[in-house]
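The same chain A turns up in both complexes below, where it pairs with chain B and then with chain C.
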Partner chain A sequence: MKYLLSARVGVCLLAALLLLFPLVFSDPFYQDIAVAFTLAAISASAWNIVGGYAGQVSVGHSMFFGLGAYAPLLFYTLFGWPPLVGIPIGILLSIALAGLIGLPTLRLSGHYFSMATIAVAELIRIFFGTWALVGGAIGLQGPAVARGWWDLTFRSDLPYYYIFLAVLGLLLFVTYEVQRRRFGYYLRAIKASERAARSLGVPVRLTKLKALALSATFTSAAGSLYAIKTGFIDPDSGFGILVSVQMLIVAALGGAGTLFGPLVGALILVPLQTAANTWFGGSGSGLTFILYGGIIVLIARFEPGGLFDFWRRLSPLIRRRVHAA
Partner chain B sequence: MLLEAQNVAKAFGNFWAVGGADLAVAEGEIVGLIGPNGAGKSTFFNCLAGDTLPTSGRILFNGVDVTHASSEAHARLGIGRTFQVPTTFEDMSVLDNVMVGAFLRHPHRNDAREHARRIVEMSGLRPDQPGRSLGTPGRKRLGIARVLATEPRLLLLDESLAGLTPGELREAIALVRRIHESGVTIVIVEHIMEVIMTLTRRVLVFNQGRVIASGTPEQVVRDAAVIEAYLGRGAQRHSRERKNL
Partner chain C sequence: MIFLQVIVGGLLLGAIYALFSSGLTLIWGMMNFINFAHGEFVMLGMYVALLVVLYLGGGPVGFSAAAALALFVLGVAIYVALIRHVVRGPMLSQILSTFGLALLLRYSAFFIFSANFVSLPQTSLSGTLDLGGIFLPLAQLVAGAVAITLTIGLHLLLTHTIVGSRLLAVAEDRSAAMLMGIRPDRMQALAWGLSAGAAGIAGALLAIAYPWSPTVGETFGLIAFVTVALGGFGSVLGSLYAGLIIGLIEATSAFWLGAIYKDIVVYGLFVAVLWFRPQGLMGKA
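Up next is the complex of A and B:
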């Protein structure tokens, strides 16, 4: 009961902090970081459903992010539709793609699944780079000037921040519900041992497929939000491997398979990335790779469970110390 | 018959791990499968559990052909199994582990939790204990509790009592007996003769992929083919000579 109460207080504090942050720090620089944080948190939390809870480490989630990113701008370019309309279309396409690639690839496990997802994402990236309809290597652009609010083209970062935050809130609520229900228990059982889960009547393939579809839904939404905010998308920023790796690292750094792990990861990685870009400017564009590589090494060597797991082990020790004092 | 295996065979390449085995288990029985290492009993057991597809033969459960059914389908039909090496869901508590099994017949969380709690209590485990902190006896118990939560009609126990101390073994035997008394039919693969002699009324002995003897535990331990399979050719004559000295 005491734990539940403190967890609720913690969640309320976090919500208040996130809601008030851009109002307190009104400088556009900080607001830009805040938007980047929410976007990274959405992408990583979406990845977390299949990569963290179900343990199916996808390194090709950019395929859903890219589809979601291209859909709003493509329908705007082709028919002049508001980018908003493209979001559900991107989601539907991503779910279809999840089904299409999930059926053969989810039979694989471990590294083989990861490699298959990289291959599919890379194939799509190369294909989009040569497809004239989607702008080839140049990509697509969104509306330069808003025709109305439905174009979601704002001068300030503030409206984007709150829209992104609402999507993040929805995703966290969905994830919370997932982990409480049978579906969530099944995902964790599959992660631990597919064979044992199967012997208890868990429909392993169907459960993994559902997880991939749910994850694809929110990853696609993240892609759409990114493209609408940026007003531009090309094959590399949509389907590039760095997009997938970032989702994975943010989730793993905070704690894959935990509700708030991806948030913690984004809270650390996004400011770190911004700082690196600010300090080193254009000459530091390759620094992101070094940063990601370094983080992968550190997590794998010292904290495979991420910072959330580290805190979970540390907090009882601190509590004991405090009590003893 | 609740379970019937007819001429079940399994080949891995040119090697026949099981070369045509029959088994018939009536509802309410406890049947033991024994045999030396590499005799093929685990492969046969995996065929019964739907984990391994037999190369030939048929397996019927309650009259339904389950030869090609998946292990998920086996669980749904009421065939539960444990594993020789316990496969605990490490990051979950004991109760959550058992809830995974309970969800099969109780899709709603609260119902599954209640059902799982009853089973955890019966198996003598602590519900809030993390799976990763359990020792071998606890893991074995959890394996049994988890499969019991699926409410099986037939329970396949794969060396679930191996590696226990004499005290733990007695408790585990009592647990299996309680499960049997609750109406569950049991097929048990075991190396420990104490378990076989105490729990079963009928035993099948495997050697080189075939059933070489069957009968009551007392009958099979005196069977010449069984003694030869375990101790080698001439063992019976040797033991008779030693007795005469």
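Up next is the complex of A and C:
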């Protein structure tokens, strides 16, 4: 009871902090970081459903992100539809793609799935780069000046921040519900041992497929939000392998397969990335990615459970120390 | 006649694909582990060749041997420092470890050598050979022939020598091999050395004939995946056939459809293989 209370207080505090942050730090620089943080947290939390909870490590989630990102700008460019309309279309396309990819590849376990997802994402990236309808290698642009609120084109970062935060809240609520329902137990059973789960009557393939579809839904939404906020998308920023890698590293740093792991990962990594870009003079020199690679290797080598696991091992020690004092 | 030339060129490039892919398949067969940094090993082999030519001098034999040796050492070092520890961990950390390594190596090369394309200065292998109307750069011909020889050599090493038997014994059953007096850790370190060495020498061979930049590793890594998936995970002979097939498909689709579509065809083939025959051509189901 006491634990439950403290967890609830913690969540309320976190929510209050996130809601008030841009009002306290009104500098556009900080607001920009805050928006990047919410976006990274949404993508990584979405990846977490299939990559963390179900243990199916996708390294090609950019395929859903990219579809979500292209849909609003494509229908705006073709028919002048407001980008808002493109979001559900992107989600439907992503779910269809998840089914198409998931049916054959989820039969394959472990590394096969990772390799297949990379290949499909690369296939789509190269294909979009050669397809004139979606702007080829140049990409697409969104509305330059808003025709109304439904174009979701704002001068300030503030509206974006609260929209993204709302989506993040919804996603965390969905993840919370998933993990306490039977579906969530299925996912963890599959992660622990697919064969054991199947022998206990878990519908393994269907469960994995559902998890992939749910994950694709929110990844696609994250892509749409990114494209609408940036007002521009090209094959590399939509389907590039680094988009997928970012989701993986954010989730793994905080703790894959935990509710708040991706949030914590984004909280650390996004400011770090901004700092690295500022100090090292943009991403042109590649130092940011050297940093990324180094962090990934260190997590894999020393803290495979991420910071969440580290904290779980550390916190009893601290508590004991406090009690002793 | 042009078409015949396209075919021969594709097969020669495919032979090099076969060589570095055989390294990837060796690791997969040995320890059920996929190295996402394998393409980066090829890229490093290319830069080692360049550095040797620029600062030490020496012909193709010298810099190819140097690339193989340097990458062999790197492979063993990576196994000892990183892989040995993560293989016991969860799958996520196995994938993350070599993925992070790939980023680290790719962008370190980017930082040191800049993003520009480079190529080896003229070597003794410059010049073109006229084979009854088919014109082939001598460099490509030699590189392809050496690559095929080395791949077959690796296959023979695994199937016809004591070291090969030890490697395969560890792959078959780690603890049974240990009971027979084989040290699995040493054998796996050797496998990583051989794997990276094969990638390194393949890189040096590629460097003789083609220009490159630090990001080629990504492309080669993906090609190695496709080759290994097509040939069957763990089969060196399978990756030899698959490498030649993929070189051929790449060359003919570039010829018929245009150069930008060749990657689409190759990755499409990969997806098709995973869909219809996940065990590959020569793999065990």
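Everything that follows uses one rule, which is that the second predicted complex is superposed on the first by the 321 of 325 C-alpha atoms of A that agree within 3 Å, B and C clash if a C-alpha of one lies under 4 Å from a C-alpha of the other, contacts with A are read in each partner's own complex, and residues count from 1 in each chain.
The rule is simple: a contact is a pair of C-beta atoms (placed from the backbone, for glycine too) under 8 Å apart; a residue touches a chain by one contact, two chains touch by 3 or more.
All figures in this text were calculated on a predicted structure; none of them were measured in a lab.
**Student:** Would chain B and chain C fit next to each other on chain A once aligned, or clash?
**Tutor:** In the arrangement built by aligning on chain A, the partners chain C and chain B fit side by side.
**Student:** Is A:192 touching anything from chain B or chain C once the two structures are fitted on A? First, second, both or neither.
**Tutor:** Touch status of A:192: first partner only.
**Student:** So, A:6: does it touch chain B (first), chain C (second), both, or neither?
**Tutor:** neither
**Student:** Quick check on the superposed pair: does A:180 touch chain B, chain C, both, or neither? Answer first, second, both or neither.
**Tutor:** First partner only, chain B.
**Student:** Where does A:245 make contact in the superposed view: on chain B (first), on chain C (second), on both, or on neither?
**Tutor:** Second partner only.
**Student:** By the touch definition at the top of the document, which applies to A:296: first (chain B), second (chain C), both, or neither?
**Tutor:** The answer is second: A:296 touches chain C but not chain B.
**Student:** Now for A:203: first (chain B), second (chain C), both, or neither, which partner does it touch?
**Tutor:** Touch status of A:203: first partner only.
**Student:** Tell me which partner touches more residues of chain A in the superposed arrangement, chain B or chain C.
**Tutor:** Of chain B and chain C, more residues of chain A lie in contact with C.
**Student:** Identify the partner contact of A:130: answer first if only chain B is touched, second if only chain C is, both if each is, neither if none is.
**Tutor:** second
**Student:** After superposition on the shared chain, which partner residues are touched by A:51: those of chain B (first), chain C (second), both, or neither?
**Tutor:** second
**Student:** Tell me, in angstrom, the smallest C-alpha to C-alpha distance between chain B and chain C in the overlaid model?
**Tutor:** 11
**Student:** Using the touch rule from the top, collect the residues of chain A that touch chain B in their complex.
**Tutor:** My answer: residues 180-182, 185-186, 188-189, 191-193, 195-204, 257.
**Student:** Where on chain C is chain A touching in the complex?
**Tutor:** 28, 32-34, 36, 82, 85-86, 89-97, 99-108, 110-111, 218, 222, 225-226, 229, 260-261, 263-264, 267-268, 270-271, 274-275, 278
**Student:** Hey, which residues of chain B end up touching chain A in the complex?
**Tutor:** Residues of chain B touching chain A: 49, 51, 70-72, 74-76, 80-81, 83, 87-92, 96, 99-101, 103-104, 107, 109, 112, 146-147, 149-150.
**Student:** Any idea which chain A residues touch chain C in the complex?
**Tutor:** 51-52, 55, 57, 59, 104-105, 107-108, 110-112, 114-116, 118-120, 122-123, 126-127, 129-130, 241, 245, 248-249, 252, 256, 285-287, 289-290, 292-301, 304-305
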